[in-house]
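The two complexes that follow have chain A in common; it is paired with chain B in the first and with chain C in the second.
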Partner chain A sequence: MTKLKSILAGATALVALALPAAAQTNVKIGILSDMSSLYTDLAGAGSVLAARMAVDDFGAAAKGLKVDFVSADHQNKPDVGSNVVRQWIDVDKVDVIVDVPNSGVSLAVNGVVKEKNKVFLVSGAATSALTGPACSPNTIHWTYDTWALANGTGSAIVKTGGDTWFFLTADYAFGQQLEADTSAVINKMGGKIVGSVRHPLNSNDFSSFLLQAQSSKAKIIGLANAGGDTVNSIKQAAEFGIVRGGQNLAGLLVFLTDVHALGLDAAQGLIMTSAFYWDQNDATRAFAKRFAAGNKGIHPTMVHAGVYSAVTHYLKAVSALKNAADGKAVVDKMKATPTDDALFGKGEVRKDGRKIHDMYLFEVKKPSESKAPWDYYKLRATIPAAQAFRPLADGKCPLVGG
Partner chain B sequence: MHEIFGIPPQALFGQLLLGLINGSFYATLSLGLAIIFGLLNIINFTHGAQYMMGAFVAWMLLNWLGLNYWAALVIAPVLVGAFGVLIERTMLRHLYKLDHLYGLLLTFGLALIIQGVFRNYFGSSGLPYRIPDALRGGTDLGFMFMPNYRGWVIAVSLVVCLVTWFVIEKTKLGAYLRAATENPPLVQAFGINVPRMVTLTYGFGVALAAFSGVLAAPIYQVSPQMGADLIIVVFAVVVIGGMGSIMGAILTGFGLGVIEGLTKVFYPEASATVIFVVMAIVLLVKPAGLFGRVR
Partner chain C sequence: MNGFFGMPRHHALLTVGILVFLVVAPTFIYPVFLMKVLCFALFACAFNLLLGYVGLLSFGHAMFFGGAAYITAHSAKVWGWPFELAILAGMATAAALGLIVGILAIRRQGIYFAMITLALAQMQYFLALQAKFTGGEDGIQKVPRGYLFGVIDLNNDLSLYAVVAVIFVAAFLLIYRIVHSPFGQVLKAIRENEPRATSLGYKADHYKLIAFVLSATLVGLAGSVKSIVFQLASLTDVHWTMSGEAVLMTLVGGLGTIFGPIAGAAVIISMENYLAQLGPWVTVVQGVIFVICVLAFRRGIVGELARLLRKSL
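Entry: the complex of A and B
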């Protein structure tokens, strides 16, 4: 049956190639994510689900698009990730790569996709280099980036008096970029960095680093890490009485699933920046309900929402062009069309590949304020789209001004 | 202020103590590995998964049955140990006559399967486990704030390590065990049930792993990867200590905890690799490990 299907698909593809005016357009979406390690819950299988939901909701079949999916685990290794993508594009004829949490892997994939002229929609990765020096005519950075996180959380905290910082930084592309972006914001606002320590990815024990942070006497300990590393840092900071000693933690990248894993007891009061929260309006709640039902109850993170939104906009562009083969043309079309979907509302894709929308500053609720499972955030402030992301001119992206 | 290598002595003492605490995890885990290797000649790669199972069983006992930490400290090792016995009875026992590699491959495969099952069921972000009320809070030692729970971990690990060493090296039961691994047919000829002894030894080694899993649950996130993150380091500890040497495993466990702790102060970027650098150096100088005998 499957064989017959793929023969049919192959035959249709041939026909489509031979007759560009044919009614059906084939699209193959490749979701490359972390399927087995620390980022699995915040992206992983949920990202595949979100992409499928986007295709269903778009009504792709009715609009003449035939969409296929492949997905793979990049194991957080840039070499594995770029090999998978090469094979997908060369052998499996994949048109668009989606998600790719882990900045290191996404930078590697970014290069491959550009070389092959396909499309790269980034939701999971954070590094602002993707729309900075490493920007590409084939890449759109959808959900969030290190600059937006630093800008949202960093400036909110400095404004309320947290003006001396010590960083706990994950020692790879993402952590270093996040630390650099946040430091820039803090320095600009008159704050001071008193020190930092770089820990290896997936460290188990943070007590030693926390002790260094403690003796630095900084008011704020900035966690420039993600996933399990952030969870363990916060948990062990509570154990070592960091917050009781008068210092505060700033989680620079905290996902809904991290808060769920920590429990409100340990996470309450934490301030973080996010592009999406499931309990914002009726549309996001409806999405979350459908999503959680298909994802073992795990509610959507901003990464999942970003995948949904990005794939939706991608399909719009492809159905307008009736062709997915030329990646740069599709991305140009996506940049020319204003974005609008149920989860992120109206927005745009900038020339450097940055997707622009509002960002939000959330605070984690106290256990007494939470009324239902996954009821975790309360809104502190909305950062309007125009201020939420790095100004176009500051990114050093070669596509800008050229 | 007085400084040692550019660091105030208070901070240095604090880091040394933290190193010892982490070392106590390495010690209990590598102790189990060393017993299993020393007495059964099996390289037990499932050890990390069994440590993770210990933490998960503690979580299940608390959330599904309402049994607290202290109960879990006893029940989890027994349950996971029984699981170990099952593995030994049905699978491992067929491999004793073969090369080490077969045992390694089997246990490695089992570890991947167990982790996959837990990840599929519980997800990857982990589950929260509270520190028991009696051990919450901490004590100000002057040079650092010492959480009571960490003090408990170091004390109980030391006791478990020393008792285990004593039983194996100094008692009659331990003597039987050691004899049974040197020359099974002869020991069997004296009327001792060697296969049962071997099974129970494996079960005990696994129970030790589960015990450290329960100890770790309140500090680290209870997550399917928690064992995989640790197991490679623990293997390095066993290799440095000398494969199968029990005292070697304990001493190197604590020692490497301290070395790693100091690296986190002076050059944190290398803290994930320093143990392997030590391992490479030790293997070059003393191929049998610090406390190992050449077989």
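Entry: the complex of A and C
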């Protein structure tokens, strides 16, 4: 009996010791991004910084959350990405995967995260399949998607007379989905698609593709690509005199860092859809100032802002639940709570995992209009949240209805 | 010990050492990482069969690796074939490809042989990029792992690891047998002096072709298993850098040594894995390590060891 007693006493002492630790919730955030290739400026190290800022601003430590970070480069390869995530979850006990630009990689990660019941917050990837046929109870698609881009930029251009299109498409999940979504918008509005050509991801030479686009005589050459590919295709289009020849380029996904890389001379007049611009209000300007100070002066893109906003909302849900282990429970909590943060304002997360907020149609300023470094956009229109994203019923997401 | 696959004592000891390691490793190393090492070790061993023992430098082995990976992934995912059949389908594809490429390529030697294999592999890369069923840049994702013999659930990492380890050991012993058989002796004779082997009455081209097809089939096995382990077949598998990786692993481990490619694969894959945190610096660090390898131990890790021990390994 005395033995049993001493064991009990020991156990009680252990529990007492363990209690303060139990009051603290451990969270491990894994930022998987493109750290070395064509999407590194628009996401990359900036996404890691944005996540850290979100944790600091949330006051995680004071609220009993102990947050750790890991980050890695997926090299734009689905196999590398899914391996890293598998290992993060199995070995490093990561609770949430954030960012993942490159739709192909994000679709692979989406599957792994669902299998392991963790959380996946998508900011960098675009494909609307993530809230469509591939939607998952563990994934929230935060910042933008191909449907929103097509709806914003595509319809704005058709309205101003750009009714014949030729697509230059990056040949992977993102480009194909963006082309499909934009084509649907154009067809619906009475425009016509005269052709398309697909180029491999991360190309250096667009000449043969651009010549096909030129000879198609389409009024608009739609660039269904992103990052370094968009920058290269716009630069090379200028070399071929495509715009001088009367055709217009439509960058369907253009980031602030792309405009910066192009320079205003080459980029002026481009119309693009974005979820965020740093110079919108005092809160975004303050964020941009702090962000740029920690990121070699590079101002935040919508991907960075999305990471900040998504991590903030995630931490709210985890601190309410006091537990990050069950991914689906956290995501359900995030869906049940309305979103509210400094950068995106008020919004919500839909049943299919789509985060809803206003989108904006911007135009790149002329060099004469730009008064300061990174002063690049002027607002053309605000697309209200209710119209900015694909209606819930059209997504074919198995989580909706049924 | 002497009866162990007819191996000399030190080979048998090493093999047993590897076996013991394979059994205890998953208790302290992440099994998915181990499976990756095993797949690439098999890839490198099969590649070494050709480069190390016949002296043929193929620069197109990604073709067999990736081709088999795609076929296995497609047959498991779209046609719903069970694990074993999907793997066999992948190997059969690699063997057929190996036969066609082999017939064309073995007519030339040295750099021309390497260029022909590279050219054919690039054609296949283009096919993989353009064909509908390969899924372009995304590859074939979410390949089901399925059940072994319909009962053992391979979704469990440990049971899949056991299967992969058994496949690896079996393939390794097969390669060992091939190298040390009379057939293997003829291959080595061809490597050393082809006209002389011909003058002794051996049809060098036949032997080379058989070795090529064998190597392609075993590389195909590695590719098939890899696509099941990672539930993914992608363009990375058919890209020429994958062929380059096999060359690297073989060289770092030790060309023409039976255990070298295993060591090489372990080193290269570990580097890729554990240096991944360094971001853009990975390639720089890898480059430095390769330069050191080439300058300091030109025979490869196992090759240098063998020289120190004065034994063939």
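Here, the second predicted complex is superposed on the first by the 380 of 402 C-alpha atoms of A that agree within 3 Å, B and C clash if a C-alpha of one lies under 4 Å from a C-alpha of the other, contacts with A are read in each partner's own complex, and residues count from 1 in each chain.
Just so we're on the same page, a contact is a pair of C-beta atoms (placed from the backbone, for glycine too) under 8 Å apart; a residue touches a chain by one contact, two chains touch by 3 or more.
Since the structure is predicted, the reported quantities are computational estimates derived from the model, not experimental observations.
In the superposition on chain A, A:S36 makes contact with both chain B and chain C. Of the two partner chains, chain B is the only one that A:Q236 touches; chain C does not reach it.
Of the two partner chains placed by the overlay, only chain B lies in contact with A:G263; chain C stays clear of it. Of the two partner chains, chain C is the only one touched by A:V91; chain B is not. Touch criterion met: A:L107 reaches chain C, while chain B stays clear of it. When both complexes are overlaid on chain A, the residue A:H199 reaches chain B alone and has no touch with chain C.
Once the two complexes are overlaid on the shared chain, A:F209 sits against chain B while remaining clear of chain C. Taking chain A as the reference chain, the count of touched residues is higher for B when chain B and chain C are set side by side. With both structures placed on the common chain, the touch criterion links A:A372 to neither chain B nor chain C.
Of the two partner chains placed by the overlay, only chain C lies in contact with A:P78; chain B stays clear of it.
When the two complexes are superposed on chain A, the residues of chain A that touch both chain B and chain C are 36, 171, 198, 200. Chain contact summary for the complex, chain A toward chain C: residues 35-36, 45, 70-73, 77-80, 82-84, 86-87, 90-91, 103-104, 107-108, 111, 170-173, 176, 198, 200-201. If you check the complex, the residues on chain C that touch chain A are 30, 32-33, 36, 129, 136-139, 141-142, 157, 230-232, 234, 236-237, 276-277, 279-280, 282.
Those residues of chain B whose C-beta lies close enough to touch chain A in the complex are 8, 11, 14-15, 18-19, 21-22, 116, 119, 123-128, 130-131, 138, 144-145, 147, 149-150, 219-221, 223, 225-226, 229-230, 261, 264-265, 268-269, 271-273.
By the touch criterion stated above, chain A contacts chain B in their complex at residues 36-42, 44, 171, 197-200, 202-205, 207-209, 211-212, 214-215, 227-228, 231-232, 235-236, 239-241, 245, 257-258, 260-263, 265-266, 296, 298.
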